[in-house]
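Structure in structure tokens, see below.
Per-chain numbering from 1; labels A, B and C assigned in written order.
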Amino acid sequence: MIARAQRNLVPAALGFGALLAFIVFVEVLIRTGAVNRFIVPMPSQIAGAFERVIVEEDIPHRFLITAREAFWATVLLAVFGIGIGVLLYRVRLLRSATETWVAAMASAPTVLMYPLFLVIFGRSERTIIMMGFVAGLPAVILKTIEGLAGTRRVLIDVGRSFKLTEVQLFWKIFFPAALPTMFVGLRLGMIFALINIVGVEFLINFGGLGQLINDLAERYDLPGTYAAICFVILVSVVFFFLTDRLEKWLRPAD
Amino acid sequence: MAETGRLSAPAAPLASPVTLVRIAIVAAILVTWEAVAASGLLFRDVVPSLLVIGRATAGLLADKTYYWHLGVTAGEVGIGLLIGGLSGLAVGILLGSNRLLGRAFEAYLYYLGPTPKIIFFPVMIMWFGVGPGSKVAMGTISCFFPVALSAAAGMREINPVLIRVGRSFRASTWQMVTKIYLPAMRLPAINGVRLGLGVAIIGTLLAETKLSNRGIGFLIINAYSTFDMPRMYALLIVLFVLSIGVNAVVGRLGGVDSIRRA
Amino acid sequence: MSSVTRAAAAPRAQSAAPVLVVDGIVKRFETPDGVMTAVDHISFDVAPGEFLAVIGPSGCGKSTLFNIIGGLLDGYEGRVAVSGETLKGPHASIGMVFQEESTFPWRTVTDNVAFPLEIAGLPKAQRVERARHFIDLVGLSGFENRYPAELSGGMRQRVAIARTLASEPKILLMDEPFGALDEQTRLLLGDKVLQIQDQLKQTCLLITHNITEAVQLADRVLVMTYRPGTVKRMVPIELPRPRSSEIVSSDAFGRYVAQIWGDLREEASRGMRDDEAHRGGGAP
């Protein structure tokens, strides 16, 4: 047990130590004047700016705005993404006609449509929510189809042998069998949505955390900008980590 | 509408049902679009007639300056992909081949990968200026993560026997990389490049829309601020066709390769 | 179609009317090489409470027969009747146990076993109580709240059997239910099935390629030929009941196994030659 804990501890310590060493190194570089402090603020300054930014810029409030946008985008993704996925799975012809289109949309730079959404919905939360939704939609649709299509033949046969109706077959066999894969899709969609929500907030200078970064940068508040960026990274890492855990918990079988 | 249904019936042997459905969907979208545009009730000015969009697209493609802007963007994306892709590949190989380094640092990549990269743009402006430099930097940051992660994963998937074979012939590190690692992980590497290219395009163009005076992103945001909707549609259509096309070409490179090897 | 002569009439005098009648089943499949006859004029009866095993080499159409009797496959000639009623699709009187892992991974043992009761619309409390009875019957008490992923392969297959039994079928139809398990587990689970059959007086139809299993469990063994699948011989197993897996060491058991192997050997080697010819002579 101890040996195992040590095995896990050494790489973690190395990773964290290297990160700390890097921060100290940057600090030294700036203090000695090797790096211009008006381009890169000292890490100690950034750390000092954290409290100021959290209090003065009301980060909790901005976080809630972004979280609210992400929540509505997720609701839209769950309803339309899973709904369209189920529809395409059930109507085979529609699926063979459009699945490649959906896949192509997944690789298209849909975020670039934000000026268009800006015209349609104005500089509002609706634009941001819709951008998040559009960015995540293909992943949710594709994973929903994948999950339903991956339902094992024998489980469907079990259902048929118990004389299940079509509706029962869907809700009692296909849906639960596809649920873990659907969640993988929903999580992917949520990640894309969050990336795009913060990005569009930054780009159109409206809303929560993304706007804060834009704001601070326009005010030339360097330590504040860096601190806000660190905070956004922290938020997405925590979000990513939690959903990652949730996903693993949902798939205990493998 | 009823007439189209009757017409399509005898055509059935010529076209598969799937093709017909596709045609029907596209036709339905176009007809709806045109109807909305003509009525002027919904989304006024946001939905221009298809004819107008078509004309704007043709005008765009005939415009010499468009190609100059396209060249600027392509150059930025290309350099970003080159720097980010190569450094991603190097880091991925390093983390994938060394267990200790992989376990120490890969988690950072894994968790930093899905963060919004565009928020680094103000910093990149300070570091590299408002010109193409900061756009290249955005492309680089964007594509570094997916390339590094898939290269590291690809490294670990290499059959250990192949590595032992290389060692047994006493290959040098460089020989190991060029003769064993890279050929064996070609598919994940190509897939990483495909993902990296997609996000590099997004990172670069978004940066261009935020602060720039050249490039496709600039043209899009310029069309927005002059409220030239047909031009914006034309730009988006051409951009989507280009990026989906490039993605498909890179994907096919990987796909064809895998078939030939099997 | 029913004009076909019974290839193997039940040798044992059967007082009760057969609960299952399989009469002149022919099933053909379209393949790239032309039409393939999987099952050719198979007929047999199963008496109430009887245990019939159908044995044959791989590719003799056993699984086709399983799917036809289970009502999952149609487009065949002939007739399957349950208590005189001609089969059209899955029948409530026939409970199927599949060869593959078929428990629902998202349901606990109790919820898996209660599944048919849930479909039948039983209230929750009653469902749980009935399910508990069948869980107990297959010897899984104490595992009610576990998920299949937490159980061994043999336990999961017992869950599947309990689930099918919970629908209280007249006929328990099993397709190599222990096929994926090791030999020891297989013998022990055979004991379990014997015990259950004895308790419930359950009519069973077992499809298998395992001779030991067939002789251990069955009252009669139907030996099938290799492609197309026909009835080669019906072997009554006159071993005393109640039986247990200890019987495999008896002389009588050995004689039955030898006799059935004598019949099967020919068919299996025909199948093997066919398979090798298909692969261009290369050994698999």
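By definition in this document, contacts are C-beta pairs under 8 Å (C-beta built on N, C-alpha and C of every residue); 3 or more make two chains touch, one makes a residue touch a chain.
If you're wondering where the values come from, they're calculated on a predicted model, not measured in any experiment.
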item	value
Length of the shortest touching-chain route, subunit B through to subunit C	2
Top chain pair, ranked by number of contacting C-beta pairs	A-B
Most centrally placed chain - per-chain CA mean versus overall CA mean	A
Per Cα centroids, the chain farthest from subunit C	B
Euclidean distance of C-alpha centroids - subunit B vs subunit C, Å	54
Subunit A-subunit B separation of Cα centroids, rounded to whole Å	18
Distance between chain centroids, defined by C-alpha means - subunit A, subunit C (Å)	49
Of subunit B, residues touching subunit A in the complex	17-18, 21-22, 25, 43, 45-46, 100-105, 107-108, 111-112, 114-123, 125-127, 194, 198, 201-202, 205-206, 209-210, 217, 220-221, 223-224, 227, 229, 232-233, 236, 239-240, 243-244, 247-248
Subunit A residues touching subunit B - in the complex, by the definition given at the top	8, 10-12, 14-15, 18-19, 39-40, 93-94, 96-98, 104, 107-109, 111-116, 118-120, 191, 194-196, 198-199, 202-203, 210, 213-214, 217, 222, 225-226, 229, 232-233, 236-237, 240-241
Partner subunit C, residues of subunit A touching it in the complex	152-155, 157-158, 160-164, 168, 172-173, 176-177, 179, 252-253
Touching residues on subunit C, where the partner in the complex is subunit A	70-72, 89-90, 92, 94-96, 98-102, 104-107, 115-116, 118-119, 147-149, 163, 167
